[in-house]
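What follows is one structure encoded as structure tokens, with my remarks underneath.
Every chain is named by a letter (A, B, C and D) in the order it is written, and numbering of its residues begins at 1.
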């Protein structure tokens, strides 16, 4: 039951974060949203991801946003979306969600141990990774070894983002 | 050793050089270019080696970290991506050559090391997308190149570039996330991330709603990335305001990679039967690409800014690339694939020359090109060649692609596509013809007294910028006059994709 | 009930994603768009983590042969994706700061208006 | 007879291409530049001549160049049809070269180097079309002509010239991309080849409707043949300097058009196929309409070059008519008309240019008495006009005679009436000019540039002379040639008979 409540709470946070006109509150709500998400993931046994989300998602993102906010303006100007645009956005969103929901109809039931995702590639990681890599945490083993090049890419993304920020912020007006 | 590890070195060389560049930049600013130049050069040579090896020995599979495919990440180089790989590496190499002077003029010295670093990351990302055989790895490289792309556009001195880049970032992130959803959905029902493995496992699931949704999200996400009409809205501003060299590279490579990904998903991960019988994506793409072809040309006619005109023309040309895939026969597919290279050559030339003009004269409007034929004869000759090629004049590359596309349309009994192609050629001829006429026959009346005009006679762009542009223009002719090589590669790739259909 | 329990996570993810999506395309404030983007991406991560869950499964840290483990692959993918998401946010925020410096505002319609009219004066220039 | 392999066709085409480079390089030395033009023209003509004997003996000369794509090659293949066109064009290029040099220098025109360069390229491309062995090669050179004559038409760079040139290129490029290329694609799709072959390339399985569509697209796409309603580029192109009008718009460009139509009719479709789908006679009627309508328009034009332009539109359709009738004699007549009309019309344009250089007059109503002041020029003009009308003993008679016989063979009697009517119309628009020039007393001589307000001042009066000798000699020579052709018809007819026999599979006589 707690899971249901957490998920519901996520939605509330998300809506509030979007609707708040004070951007600082918005950012704080986003932080809370990330943090709840981390809790949800812990309950889903994704410990590593939850740690990362709590530190990176709830932590670093919030800090970055606040830093950006301190160099800009705190309040969002009130805006009225023209009805024509609202119609377009509404259609796009309804359409997208309709497709997504349509997709969920055929999905394996949540938590089904016989789902294809659990029976094709993953078993080998669970069975052999300790012998092959020597780390008990399978996530680490896959991350560092089997799919090590994704991790190289990930590092590159961080490096790239750093350089991008340098490139941008050194701009003179 | 090099031969063995060439597939991974193609990526790693620019990737690691990107790290090296800022370090070198601390020593000496101008060495950055040398490192970038060396890296792209090596990468180009390696990609050429790969192309050669694929053509002689067939498909290469490279296991990263030594893990066999469905478990580890695999790089697969076949007839299709070796061809695209060489195109991108070549354009990247020429662009680096071009960047030396151009970047100095358009970007402050403090930012140059960062610029080259990002530039290399961008190329590495694109190359990585093309070479990988793992669908999640593709996403990672897509994000590397996208992030770098946003920054490169915003590196321009023009303030309009900032918002253009920001909008591109938002749409690009939506696109990437859609692709991520597609990957997740496929993983959910197959348990695999390897493209070849997915190809084997998917046919049993073709009617699963999950797979259909995944395909829809892939299509929309990739179309957004590749600026297929009507999802092209981010492209004109981004290309118009970006630094010259960035516009050229993006127009010549980034959208091509988008097209490549589309083909990979449509024809390698999924099979032709799926596209045709289950989702009939091809008929949707047919309509969209035809609309892109016509409207891209029409919108291009309406523009006054050179780069914006070229950007809209890109929208139309992307339509051509997608059109071939939606006709679904070998001839049209060949046209499509060879257009990936051909359009890169033409658009690269045009954007390079636009940059040359900007560098020398600060002119950005088409009206400013009047009488430019006397002041910058070589640049304008290259522009003319590429412009004629865009219009599809025979013996230029533009003709080759259009010939195959039109013939493919006829062979598929879709004769009404031929007028679409021809009309857009005509429209292209109109907008380039207009410019070419004013280049050679217009007189630069306003702003220039006749005295200053005669003093300005022959004020050509610097050699470093001119040579890459001329080289591309010459290739427009060479591969138009003797297209057998390029068409041969494209045909092999088309056969691979369509499996003899 | 079982049907709902079997899909609940997926529906929530769709709802969250649409909230973020709406903010990304409809909001005029650039920071709001970024907030939306984070909600949007995190929602997709939730979907991935939900895939990984196996009923009665435990965290994929090997300690006993007989136990049922969750699928580790989505966790690995999302670890990468979270980092990518934060990097994108960082770049976007750098862009926003620049835009604010240049135009003095973070509202898209105002920026477009300034671009069109060519007025360059940022009203309240920070620093 | 088996085909001969020879590289001479390639040399013929590249001589003028090389010349264009040399011309472009020697912009600082006008005399050297003109030497290149004349030298290349003579060399080209000699090379073409050397090809004639084997062709008359019945050989075909093959010269493959290179392959662009699998299935699309650049390929030269010279037969009687092509050599006739090439010989005419290259002979007239020599004369035009002298004439142009004199014309350009007399008028102190600007951008002469560009002019001569483009001229050489245009000639190169015209022979390229003449020698092409497949439709693709034809198309390439066809487009090259369009593109490189654009600077010639726009030569004056005035707003009017640019307008005319734009119209010119829009028509020619537009039709060739929208229709001709489409037709080529359809042809390739159906036949799998684009090589010219006597008797046609289409297998019998292709449906008549398909072929009819392809045929219509070809006729519409080859706008250079100026069949109505695709003719209006030709009058627009008259803003070009007169030598351009003379050689290109009376000979090279328009003849390229009708030549391609000839090729398409005889060697892409083939006489039998066209008979089967019954496309010949409708085209013949379209051509007849053009003949009459253009003549009527010509009657109403006061500008000399405009009248000549409409006359060209009308006369070109004779050639199309000759091919469309699909009968042995009409093909002979059509082919002969390609050559004979060239000589006649170039004489007329040369004369118009000479008049302009000598008097700066462009309108027919200003020509009173010019014949007395410029007897050679106007004498030649009269000869050219007689040849156009088709009066013996001038060359034009031959072609009309054969076409007329052809109408009988094809039993298309109404068309015979068209020819008769058109002859009368021709006389109606040419004879008044000749009459005016010789039998009216001269106008008060104005200084120049049709500024009648100034003619009262006696100081600007000056006598009108003949144009420079270098201009008069070529036009006298071409006028003489039309007479020579009448008395030595074998010069034309030998080739014409081969063409006709090839087309009809040796069914002639």
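As a convention for this text, a contact is a pair of C-beta atoms (placed from the backbone, for glycine too) under 8 Å apart; a residue touches a chain by one contact, two chains touch by 3 or more.
Computed from a predicted model, the values in this text were never measured in an experiment.
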item	value
Identity of the chain that, by mean CA position, is farthest from chain D	A
Central chain (distance from its CA mean to the mean of all protein CA atoms)	B
For chain B paired with chain D, centre-to-centre distance based on mean C-alpha positions, whole Å	45
For chain A paired with chain D, centre-to-centre distance based on mean C-alpha positions, whole Å	73
Chain centre separation in whole Å, for chain B relative to chain A (CA means)	30
Numbers and ranges of chain B residues touching at least 2 other chains	136, 140, 143, 147, 150-151, 154, 181, 187-188, 193
Multi-partner residues of chain D (at least 2 other chains)	none
Shared-contact residues (touching 2 or more other chains) in chain C	21, 25, 51, 73-74, 77, 80, 84, 87-88, 91, 95-96, 98, 102
All chain pairs that touch each other	A-B, A-C, B-C, B-D
Touch list for chain C against partner chain B, complex	21, 24-25, 30, 33, 37, 40-41, 44, 47-48, 51, 73-74, 77, 80-81, 84, 87-88, 91-92, 95-96, 98-99, 102-103, 108, 111-112, 115
Of chain B, residues touching chain D in the complex	388, 391-395, 400, 403-404, 406-407, 410-411, 415, 418-419, 422-423, 425-426, 429-430, 433, 437, 440-441, 443, 480-484, 487
Residues of chain A touching chain C in the complex	4, 7-8, 10-11, 14-15, 17-18, 23, 26-27, 30, 33-34, 37, 40-41, 44-49, 52-53, 56-57, 60-61, 64-65, 67-69, 71-73, 76-77, 79, 81, 85-86, 89, 92-93, 96-97, 100-101, 104, 107, 109-113, 115, 117-118, 121-122, 125-126, 129-130, 136-139, 142-143, 147, 150-151, 153-154, 157-158, 160-162, 164-165, 168-169, 171, 173
Touching residues (chain side chain A, partner chain B) in the complex	99-100, 102-103, 105-108, 115-122, 124-125, 145-150, 153-154, 156-157, 159-161, 163-164, 166-168, 170-172
Complex contact set, residues of chain D against chain B	66-70, 72, 136, 139-140, 143, 147, 150-151, 154, 157, 162, 166, 169-170, 173-174, 177-178, 181-182, 185-186, 188-189
